[in-house]
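As written, the chains take the letters A, B, C, D, E and F, and residue 1 is the first residue of each chain.
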């Protein structure tokens, strides 16, 4: 009996989108207001999907208390109230776009969860914009 | 033209997580606050996804009035304002976890809908915790 | 500069509505499905409104970390995953209706917050039903 | 690195469900209140999912400003504050059901986005009813 | 012990904003897209606030089943899936703006609820636009 | 006929809480993670309430298109994608707390709306934390 459970989490952070290999003009043309050198910020909403087999004895795929603790320790504590560009080594050479952020969260969670599970993350940068990794189709 | 329609429903129930084959200590260690012998409860939110071919004459995959009536009669009336452990035969020998609950709702709906449809259910136990059956990946 | 801050919290509990001074028939007639002797349950959403003067040095009416800790210790830990009728002394002789529950939460919080603050609570029993104490008009 | 981004949009419109090849009685029996000859209406919520490869230089799958402009120009301006039956050529010979509407939005967006992208749309007619094209399974 | 309870409801309708005493040009200038002669529509969300004294025996201000039945019979059945301009006598000589609609819903509910209660309604025409009657300040 | 209309808006910004008259230790003790020298950020949600008399000819208290344009020009363009501490003169000598931010938004909107209107603003810094000015009680 293969099933998926999902768990939501929340944190906030500052960032800017700026590629040092682009000129000032190209950065402004591509990233617009997101290029502001003084940073802007977001409340990020995260939904983590974990798929696998249910344990018959507990009725659990995974204890959601365990999953939420892993999300708290590995994701919320790492990113909450941080400046993604300045405070977070994962974004040293990576653009802190929603797409890359979803990919990095997926990689971190994969390292801390049973490899038999399939993991997918959906990360909302605003209530209207989100990224999902891996792709849904 | 294969498409999916979804319909949301809502009900509430009491339950506890307790495996009679476990010791008191093991039940408390695994299920924590969810093991409270006097029960606790939830507002459950349900989204039912039905996939199949659209009828060209009506523009409908399925009349959503029909689908919502089936959900009301088969799911809401069976589970709403109930104690899952004491009042619901489906959970006589099955842990009333969100995972098992999603599986049971899927089985009941499958028995009352056209077998040509593919059905998936997402059941939220809280706004942050949900189970999806069948698995999304 | 008088202002209001609000903070949301979440917990869940089981309860039933039953007045021991009513007959079985009267209890069923008045409380309907909410009278189920085996209990049912809800995810409760709480919004706490605190009104008063802003501290010019901090820009805070009250440190929301302090407010959320008081809500966690005094409300969530007291009521979360509990059976209101059996586990909670506050409801020993009081019907656990949303109205009375909002009143009790208001009383508890008032005992733990600066008496110079005006407090109002809105408690949702379901996404559609809520009680507000004190009354808005 | 294949990923999905999603963007939400919102518009409102009037419509009725009525098949001119059906009798008056059959139209009423099948479409019920939705057959009202004077029309009724909805706030439609739309989530557009675009899947493909991330551009390493920008960190973007697609500039969400570009995506939201295409949605605004091609979907919102075409359908917002319109009567789907009377004002919209796309529904001249097609029932304006949520299913067909999702299909048409998918077709329009596909014509305006890079063909290397895979597109999926979820269209809510009410907070409880939605259609997804292509089907999720 | 004076308290407020609130109950949410939902319905949808078509309407247009058009004052027959205005010229065509003035109607278009003032009402813009809302003046479309073929109508447009909305999902309306309604929150009804009822204030008064709690009944000590039941713990209720008002049985919310009774309140929701009154809302269903007097508001939802009157307005749901209707064209406000053509199907609803209340709007014969009244502009179907959100403001006037909230006022009319308040008047109808006041006629069907105990006059000892104070009633307030909040009506959302879209998730971003609402009217509240009586005014909050 | 005195009524209230409300309109929601959305923007995002970076900020930090830091009082230059406090020591480093006191800033950290009072503001915690919000004191991060590299800034963090939020998606702010704003609800603006305007109270007054309805115009009988239009059915409007205020044209919501006019209100939303004022909010867009005076609030969103001033604060969206900005660093409140560095980019916004209004916060030069004022702590960018939610309380002060709500007060400043209220003052700006009051300068651009008819003085016969009463204005109230609710500003969410996160889905759980908000400030309301003027106070609700």
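Methods note: contacts are C-beta pairs under 8 Å (C-beta built on N, C-alpha and C of every residue); 3 or more make two chains touch, one makes a residue touch a chain.
Since this is a predicted model, take the numbers as computed values, not measurements.
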(Q) Considering only chains that satisfy the touch condition with chain A, which of them also satisfy it with chain D? (A) B
(Q) Going by the touch criterion stated earlier, list every chain that contacts chain B and also contacts chain D. (A) A
Q) Looking at where chain C touches chain E, is over half of the residue numbers used by both copies, so same, or under half, so different? A) different
Q: Average the CA atoms of each chain to get its centre, and name the chain whose centre is farthest from that of chain C.
A: D
Q: Compare the CA centroid of chain F with every other chain's and tell me the farthest one.
A: B
Q. What whole-Å value do you get for the distance between chain A and chain E if each is reduced to the mean of its CA atoms?
A. 41
(Q) What's the distance between the Cα centroids of chain D and chain F, rounded to whole Å? (A) 34
Q) Multi-chain contacts in chain F: which residues touch at least two other chains? A) 127, 134
Q) Among the chains present, which pairs are found to touch? A) A-B, A-D, A-F, B-C, B-D, C-E, C-F, D-E, E-F
Q: In the complex, go through chain E and note every residue touching chain D.
A: 10, 12-15, 33-34, 36, 38-43, 80-83, 86-87, 126-127
Q) Considering the complex alone, what residue numbers of chain A touch chain D? A) 17, 19, 21-22, 30-32, 94-100, 102-103, 127-137
Q | Of chain C, residues touching chain F in the complex | A | 1-9, 49, 51-52, 54, 57-61, 63-65, 68, 118, 120, 134
